[in-house]
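Below: a set of structures, written as structure tokens.
Two complexes follow with chain A in common, the first pairing it with chain B and the second with chain C.
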Partner chain A sequence: MADRITFEATVNGQKVGPLDIPADLMLTELLHEYLGLTGTRVACGQGVCRACSVLIDDGVAGSAAALTPLPACVTGAAYASGKSIRTIEGMAGDDGQGNPVPSAIQQAFLDHFSFQCSFCTPGFVISAQALVERLERAPVPRDQVEDTVLAAMNENICRCTGYVRYLGAVRDVVLNTPGLTTGDPEPAVTAAAGPAAGGRG
Partner chain B sequence: MPAKDISRRQFLGTAAALGVIAVVRPLAPAEAAMMPSAVGRDPQWFQGGRLRYRRDGMAKVTGSKVFSLDMRARDVEGWPDRQSHAMTLHLPRADRVWQALDLSVLGDALQPDVLIDDARLAADGIEMQEADFYGRFFAVRGQVPGMMGQPAALAIWHDYERFRAARKLLQFNDAIWVWGDEAPQPPRKSYGGAQFVRIAGPDPRGADEFSPMKNYIIWPEETDRDIKWPDDDHPVFGQARRHAAQLHAEFATPPAGMQVFARHYSSQSVDPAAMEPENGLAWYDPAAGALNVIGATQSPYTVAEHLLAMVKASRFALNKLDFVTGYTVGYGQKEHQPFPYYVAVAGLYAQGNPVRLVLDRWQHFQFALKRHPFETDMTISVDADGVFQGFACEMIGDGGGVMNFSPSVGTVAVTAAQSIYYFPKSDLKCEVRPSVNVTAGSMRGYGTLQSMAATEMLVDEIATETGRDAIALRRINVLKSGMKNTQGAVPSGHLRIDEILALAENDPLWTNRAARKAEYEAANPGTLYGVGFAAVQKDFGTGAEAAIVQIEITPQGRLQMRHVSAEIGCGSTTAQLLVVQPWLGRPADDVEFSVMHWPQMPVHTQDQPYSTPQEEENRLAQDPAWVPRITSPRSASNSAYYFTHATQQAAQLLLRLGLWDAALSIWSGGGDGGQALAEPLELSDARWFEGRLTARSMEPLSLERLAERAHQMGLVTGVCVHTFNRWAWAEADFNVNGQTFRAPVDALSVRYGDGAPPDRKAAMTAGGYAFIPRLRVLYPPVQRNNAGTVYYAPCATMVEMSVATGSGEARLLSHKSWLECGTQIVPELVSGQMQGGIAMGIGHALYEDLPLGPEGPGNGKWGLSRYLLPRAADVAVWTQTGHVLPALSEQDPPKGMAEVVMIPVVAACGNAIAHATGKRLYRTPFTPERIRELL
Partner chain C sequence: MVRLLRYLAIAVLLALIVTGLLYWKGTRLAPLPPATVDFAALAAPDRAALVARGAEVARDADCVACHLDPEGGSELGGGYPMHLPMGTLYGTNISPSREHGIGEWSADDLYRAVAWGVAPGGRNLYPAMPYVSYHAITRADSDALYAWLMAQRPVEKPSRRPDLMFPFNVRPALSLWNALFRPDAQPFAPAEGEAPDRARGRYLVDVLGHCGECHTPRNLAFAMTEPALGGQVLEGAYAPDLQQNSMVRRGWNPDDLIAFLHRGVSPQGVPTLTMLPVLQQSTSHMDDASLTAISTYLLGGQGRAAAALPAAVSPDPAGRLHYLGLCAGCHGTNGQGQPHSSVPLATNTTAMMDDPLNLVRVIREGIAPQELAHGERMQRMPGYAAQLSDQQLAELVNYLRQQWGGRSEVLTAADMQKLIKAGPAH
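Now for the complex of A and B:
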């Protein structure tokens, strides 16, 4: 059999390992087949659709790596060993009774009816979360928010939604979260972007 | 969208005949017994009388297990924890004799634990059911494969690490195939064709001289290698053929003042690229003879029916079949697809282990169903006043290696070609042919994207050539309410596309386009600017839409619903909960979706809604438990209209037969006729006010109070309806408790409250319900099958594009769409469908393209790095707008709109490029290379 490594890491705040795994195992394989975390979905297997995005903190203070979503389908588990990994399963909190407490991004995706089939949703949550955390360190002027959101989310492919309600939700979180933007705050934006929803008739 | 689906009754009948215990169930309820299910547990989605988010939203946004892809054997209670892994091996070419599979690259250590091929299946008596429709399981050695991408074998490894190591060696490895000589494909039958000829009378709303509705559709004769159209003197079809010939003669020598425009259009093969690849999990327990399958399909009953027959005919014992369906997505890619049968075969051969079979993206391109490419010849004649006179359209489709839904995709495509226009004379002809390309199926749009995009580009060109405004020309020719379509059928209800045209005509983007073009091009040297517009109306429904819904109220006033609807992403399960509000005051409290077990509705069918002769149907319909079909396949655009009708009928009948009488009892109680004495009350007076029932000046009553009284009195407290639509609703007369009434349902069962007298309780033998035999039923005549369609939703899109003269790249600057879909149940879901459909249409117009032949996806070399899908930056995400026309009234039913929204943007892009460049493209997608050639 091929070379093997010992994998140890923190996944969503929990210590994992040591695990004896093939050295060429991809991170998605590790999450799915060894750890039972199937929310990180694989659609392309080439790192081009970003359904499988995760966040990996390399432990270096101030490192930008933790804030760059990585496609887990083409990221070796070996690379993630010894690091801290965040997946979709770690994005929501818990109310203490086993019910999820969604993150601000997750709540915005719910409020905006952002997703349909939801296969790509975990990747969008991760990309948006990374953007929010990047902006916490380096806010952008309010008039650059739409360009910033588009640049941050453009790698993620969705076939159902046309992106409008995903990006509109992220834009609202960025504009309405203190500290993520610079310049004079405008009145809070709450409406979903795109085709207006007319009256129910 | 004609579709074949297997009814539950038929399925269970088969199961009983075969002596098998068979269960089909959705993943979520199944999970309830297996593992904590996130869907439906979250109570936050509807609060304070307001929909906050999709009912399945919390489960989906937190990455819970909702797809079958997410499941592993260890997640399923009662299954072994161990799990094997399977892989299909697909032949990458179809031009040589395939001789053998050589797995020597795997060495001894990585050889599969099980290898299944055609010979092994034959030895064990396993055959694909309806092989003409789905294809043979595996290619046959010593023969030339019938299709690129055809599976040749299925291999199973019992541990993950050997599986993955072997997979890496086999992936993209053409050396595993041993080929013989080059060989031609043997001749194959055409997948079918049809011709629709209409010659109108003098009045567009009056009697036709000839039409499919009034007369017949022309069906060609099939030979072993093609089809043969009937001659003009054919005894059956001669008259129609002569009418068509006369129309073409007029095109050839038009009268003075008439101009004739004939163009050829080509559309490409497209993979809908559902993000969820084909997948499934199966476990066959040989000791128990139990086959358990968790699959991803839009047609679960059909799969289960075929699995029963397939396994029963084989050497494998079968005493129990459990088919579980997950949430899925496919845009038609997972409707009646062959893949679930491979999952089951993997299960049968996995030596008692649960086994998982998933296509990677390259295999998904290689084997999953595609959108048909069409070659289309289209002709329109127009008189001096700009009025269209004649229309001809001939479409030749490439159906790929296996028939699947090709025959109906062809007919639906060509009968939609008229788009939004009225034509006094028309000749529409289609044929779909086999090829070695990957099989095409019933993708979103069902062929109409290909036909209507062509029409909308031709009409735009006619406007340019005749010096007319493109929207003004459309308004001259628009199909108005009561006019007939090209099949001679009158579309249902008021046609509102002209309202949309009027709005578009006055939009500043349209009226200022010339000035904006000059301004933009001056400011952006090397870039051209164009505005394009297109408008279509898309049918929805299959012509045989059936549904079952049950709603009951508990003594405590909780509303409980059971529904056939399943979730494929469009939000139908959220919407169906809400549509009972007008009759019951609030959404259902508890709900079970994807219900396939209906003891409450003991109806039966032979499921031949398209082909049963009228006399035979009349005879069958005398049996009050007979219906033409039990349920329809899952599809996004059908649920809004057809399922809503069923849900609302059930809600309406619960009010009419139960809660209203309970209310009258309360209002007239207390002696002297109570508060109701001085007020004449009719059911039509009933109104819900802040969740309470009132009528005129009556005291508002809570659902809890009404429920308590209804149960005390033994009134109707539960209703289960079956509905059927053949381009009109079936209606039937019923008598419940001495009250005779007619309702647009064809079967009805009711449940009586706890206080019901013994005779009523004794009648509740059907799953706790009393089946009410209908007194009389009125099914829409079978001739309406020739209508093609009568239900339409209109949509138009205007796009603003830039075209780089150097690179040829066309990009969207902004776009605006108008839609009419009756009453919006959840406006946010409508808007989301609209945005998503437009993005998919942009992909078809500008990016997505699969070559036919040896370089096509059947060769296993296509992935998402080569196949371009639109991203957020490609769809004008911040600069798009949409407008939904308000409903005509609160009774205006919701219309299916998930397909129509993706179509006009395709032609609008082509028309914008023409405005930008002054030249026209006739082949989609409009790639930079093609635009460069144009320039």
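Now for the complex of A and C:
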């Protein structure tokens, strides 16, 4: 199908477009080939592994859409046009002098040695970030954190099988960030994974 | 005043007489056809053959669909909930447990329950047990089923009581319903001049398969009515019209129908919602001859190659953008799909149906990964309720129906709200 659309959006806070693109272009191709943002990974290419997750805010305040990671490999640019998109390149902060500062989730993944080859990591960062932002709006009781984290990260696949360290890192961020949980705060959970939390192999 | 009272008294008396007559009719059963086997004197090889035939009858009649234990562990232990307008019924334990199941039943008892809907002691079964369809089961099939059931492992688990509102919780009152809507049990026989293949298909579809229980419209008393297999909404899903003309219009033909019932995949789609378990537990186990017979009965040898049915109107342009944005990544820009992971939409019948309920539900709720049959599967489809407003959903639904479904209607956001409310009953 030869038809084309005009794409305009905000990507990681920057205005992008207008761009003349094929109407059925998928977001991964737009990010990689048109915008030079190659951090979003493509593994399965069919919406199963979530390596390519991005966050798309439809601009409706409080809408659930913004906090549901979408697989960019099967999400068309046509859906993202006119909206605000966040990718892995937009996750880190900045120290005020132009140096990137990892987000809490990114730092926790480093501290926990969550990843090995890292191919899946951008997707895990996006899913965890979406969870943190959902909990900012709707905190959960502390005793439900384990299940909530698993449900939020369950779609992400890691071929190096670092699940235990990924999930432990997200759990620590959720338990140690004020406002994400309700009920009595327990003694802070250690940030670094102890030897018992291993999950390699 | 006195005259008025007199009329009232007469009316009450008449109502009592009618009720009494109906009750009498509803509780009176014709003599049962005699058993076809002497179970006491059955030699081991004959019993084994009978049990094997009974296993086929159980598959054809899809007993497991309602009698399985949803917590796992048993196909006959009961507990599966059926959410109906009058409350919730649970499939009962039909394992040969003497305490909780049917271990004390005779072959006559089983026939009476299956064909008449009456359990030992005269206890009326609820018509969720499809005795209205099973009324024509042959005594030979009922006896084979009995042999198979009695050869299964007893499950020591009590049946869960129905949770129904008044007056539906009064079992004896079902005799009135039976008097009005239950056909007399009458073992199936081919009609005059009916080809054996078609007769077999009719028996499988109308009697054992009890397809009409979902696919035939119901009246206010929740009894099946005309047209047979004309389609209806039940338990929040639209069971499509299976009448020959309607199926041929949607692009069904014998080969594809047989593939659909056998493997669960055909260009017209895959079984979803309440049809998926029917594939898994019943039709995928049927042999070629049975599936061919079903197709002969439903399609009468007619058919049309699976193909899109473009509507006369030009497809909704906003809906097309939603399609390219959310659907085309898996289903293809032109609706071609991907083998073993995403169904083609260009030939899918869901957009062709009169009732858009299933289309709306699938788009909003998605579909869990499907293990179909004989190795076929489809990957998970995510639900897009969060991504689409009612207006956008209407545009997408209109696009799909106009582009491939041959339907020109323009549905609105308000229509979507109605359909969303008609959705899952639980």
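The rule we apply is simple: the second predicted complex is superposed on the first by the 185 of 201 C-alpha atoms of A that agree within 3 Å, B and C clash if a C-alpha of one lies under 4 Å from a C-alpha of the other, contacts with A are read in each partner's own complex, and residues count from 1 in each chain.
By our rule, contacts are C-beta pairs under 8 Å (C-beta built on N, C-alpha and C of every residue); 3 or more make two chains touch, one makes a residue touch a chain.
None of the values given here were measured: they were computed from a predicted structure.
S.K.: Using the touch definition from the top, say if A:R86 reaches chain B (first), chain C (second), both or neither.
M.R.: In the superposed model, A:R86 contacts neither chain B nor chain C.
S.K.: For A:P100, decide between first (touching chain B), second (touching chain C), both and neither.
M.R.: In the superposed model, A:P100 contacts chain B only, not chain C.
S.K.: After lining up the shared chain so the two structures overlap, which partner does A:E33 touch, if you call chain B first and chain C second: first, second, both or neither?
M.R.: first
S.K.: So, does A:A23 touch the first partner chain B, the second partner chain C, both, or neither?
M.R.: Only chain C is touched by A:A23; chain B is not.
S.K.: One more residue to check, A:Q46. First (chain B), second (chain C), both or neither?
M.R.: A:Q46: touches chain B and chain C.
S.K.: Per the contact definition in the header, classify A:F115: touching chain B only (first), chain C only (second), both, or neither.
M.R.: Touch partner of A:F115: chain B, not chain C.
S.K.: For A:T75, using the defined touch cut-off, is the partner it touches chain B, chain C, both, or neither? Pick first, second, both or neither.
M.R.: Touch status of A:T75: second partner only.
S.K.: Output check: A:R134 vs chain B and chain C. Expected answer is one of first, second, both, neither. What do you get?
M.R.: neither
S.K.: Taking the stated contact definition, name every residue in chain A that is touched by chain B in one complex and by chain C in the other, in rising order.
M.R.: 1, 24, 46, 48
S.K.: Of all residues in chain C, which touch chain A in the complex?
M.R.: Listed in rising order, the residues of chain C that touch chain A are 321-322, 324-326, 328-330, 333-334, 338, 341-342, 379-380, 382, 386-387.
S.K.: What residues on chain A touch chain B, complex-wise?
M.R.: 1-2, 22, 24-25, 29, 32-33, 36, 38-41, 43-46, 48-49, 51, 87-89, 91-92, 99-100, 102, 106, 109-122, 125, 146, 150, 153-167, 192-201
S.K.: Per the contact definition, I'd like the list of chain A residues that touch chain C in the complex.
M.R.: Result: residues 1, 5, 23-24, 26, 46-48, 58, 63-65, 68, 70-71, 73-81 of chain A touch chain C.
S.K.: Within the complex, which stretch of chain B touches chain A?
M.R.: Listed in rising order, the residues are 42, 52-54, 56-58, 60-67, 69-72, 74-75, 109, 160-161, 164-165, 168, 272-277, 327-329, 331, 360-362, 568-571, 817, 819, 822-840, 863-865, 869, 871-873, 875, 877-878, 880-890, 892.
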